[in-house]
Amino acid sequence: MSNVEKHLRLTHAGAMRILEAAVAKAVQMGKPQCIAVVDEGGNLLAFTRMDGGKILSIESAIRKAATAASSRGPTGGIQGDLEFRLAHATSGRLVNLKGGLPIIVDGITIGGIGCGSQTGEEDLEVTKAGLAAIEGAQTFG
Amino acid sequence: MSNVEKHLRLTHAGAMRILEAAVAKAVQMGKPQCIAVVDEGGNLLAFTRMDGGKILSIESAIRKAATAASSRGPTGGIQGDLEFRLAHATSGRLVNLKGGLPIIVDGITIGGIGCGSQTGEEDLEVTKAGLAAIEGAQTFG
Amino acid sequence: MSNVEKHLRLTHAGAMRILEAAVAKAVQMGKPQCIAVVDEGGNLLAFTRMDGGKILSIESAIRKAATAASSRGPTGGIQGDLEFRLAHATSGRLVNLKGGLPIIVDGITIGGIGCGSQTGEEDLEVTKAGLAAIEGAQTFG
Amino acid sequence: MSNVEKHLRLTHAGAMRILEAAVAKAVQMGKPQCIAVVDEGGNLLAFTRMDGGKILSIESAIRKAATAASSRGPTGGIQGDLEFRLAHATSGRLVNLKGGLPIIVDGITIGGIGCGSQTGEEDLEVTKAGLAAIEGAQTFG
């Protein structure tokens, strides 16, 4: 095995296209959002709070994005007490709220997207619209 | 879309009038309170702890005010596990205790009021009395 | 004194224009940045990390923006030990690094911009380019 | 020695009078402030942020008040490296900024007052005006 291998990375341009697509969807829905994009390491790449997005959703949108990138799957599917164990174990960084999706291209997780301010279903709809801006990214139900 | 738009702001004088009105109500009820007023961004504008108000209600009253300002509605209406998910996702800043109300004037949220130390119903009654000090503010049930 | 008074607010569209203008400048300089825009209350409105922007500058760029909005002036001018006293007193939220500017329109502070990843002078140059996207905003030296 | 002894306590009415006196002084100076009053235990009793008071001074004003109550003397007099050792040891809760004074009556410390948003000297002047509202309280230079 080699020490170093090829990887994929979400660019700044890609992150901004995600924001644009997500904002367009939220505008169409008439439901303002906080929208966050993080890289594979959970570090913030891009963020926007629309007029009417909620102050307390700034942090939760970022955490949804990081949770999705870390778990490599949609947020919100953890069952039972495990959810609260994980929340405590991560000082709340791992969230089990709907609205976070990983960005997976060619089987490689390159980041995550998180939206928040509305219902979980509405947040997720906007996250999906953002994800669709990345050609070839894995889609989720 | 313009870069800057007209807005409204709760003044210091307004915040102090809210405290006075809320204190007067709490005195009448014989139930001392912690009373907090925050601006639209959730930052503290005014606070008072009456003789007999609880130490551990200082922070919860402030958080009720910030939660109401952020969600633009009364605190305490979140159902089921969502409450705990949101609490964790915001490191406890979002609270689902009764006693927080937003201050909405001409359809614009300009802040929030939170009270705590007694039962949720009693806290809310004092919060309502505080809100009534702001002429033209939206009322709640 | 009235309870509520007229105010101005930085829109989402304005915040995104600031990012675009700042990114364009940083691209021209060949110096990637983290760029943050906050509202008057120091809450995040928009953020972007360019390819090559530094992970540890994510938070410092946001704090520069919030410091400039709070102090209503450029960051980096505090002299002597006062800097460290203020940093400790705010748990590091107040930073004295160059690269933060307030957004002041018609004499009203409506937010702040902070950049970080390069030298203080280079960060400030990009912040100024971002500020120039807001017509009528006060300029700084 | 008895197990329990007589003590003095700052009332809610006293705390509000301190705010009023401090605000009056700040208005006269034309220098808006954040003003905090804490009890002997460092727990918040009353707070107000005047129009133009700084967001990042909310917390530092509260910490000045608590530092003065804890040390039973004016803030800002710690010399040399001790300052930073104490700041670190208290996670920044102990501040060495001017503008905090203890409230001492009959030799008993019953609380502290802290002001912040302007220069240390200006903050202290407003704190002194607040302290003067408490008849019989020890004065400081």
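Each chain carries a letter (A, B, C and D) given by its place in the written order, and its residues are counted from 1.
Note that a contact is a pair of C-beta atoms (placed from the backbone, for glycine too) under 8 Å apart; a residue touches a chain by one contact, two chains touch by 3 or more.
As the structure is a prediction and not an experimental result, all values here were calculated from the model.
Because chain B and chain D carry the same sequence, their contact can be compared by residue number, and over half of the numbers here are used by both.
Averaging Cα coordinates per chain places chain A and chain D 44 Å apart. Computed from the mean C-alpha positions, the centre of chain A lies at a distance of 25 Å from the centre of chain C. Annotation: 30 Å between the Cα-based centres of chain C and chain D. Residue positions of chain D touching 2 or more other chains, listed in rising order: 55.
Contacts between chains form some other arrangement here, matching none of path, ring, star or all-to-all.
Under the contact rule stated at the top, the pairs of chains that touch are A-B, A-C, B-C, B-D, C-D. Of all residues in chain C, those touching chain B in their complex are 1-11, 13-14, 17, 39-43, 105, 110, 133-136.
On the side of chain A, the complex with chain B involves touching residues 54-57, 59-60, 63-64, 83-84, 87-88, 91-92, 95-97, 120.
Chain A contributes residues 11-12, 15-16, 41, 43-51, 53, 55, 58 to its touches with chain C in the complex. Put simply, chain B touches chain A in their complex at residues 40-42, 66-67, 69-72, 81-82, 84-86, 88-94.
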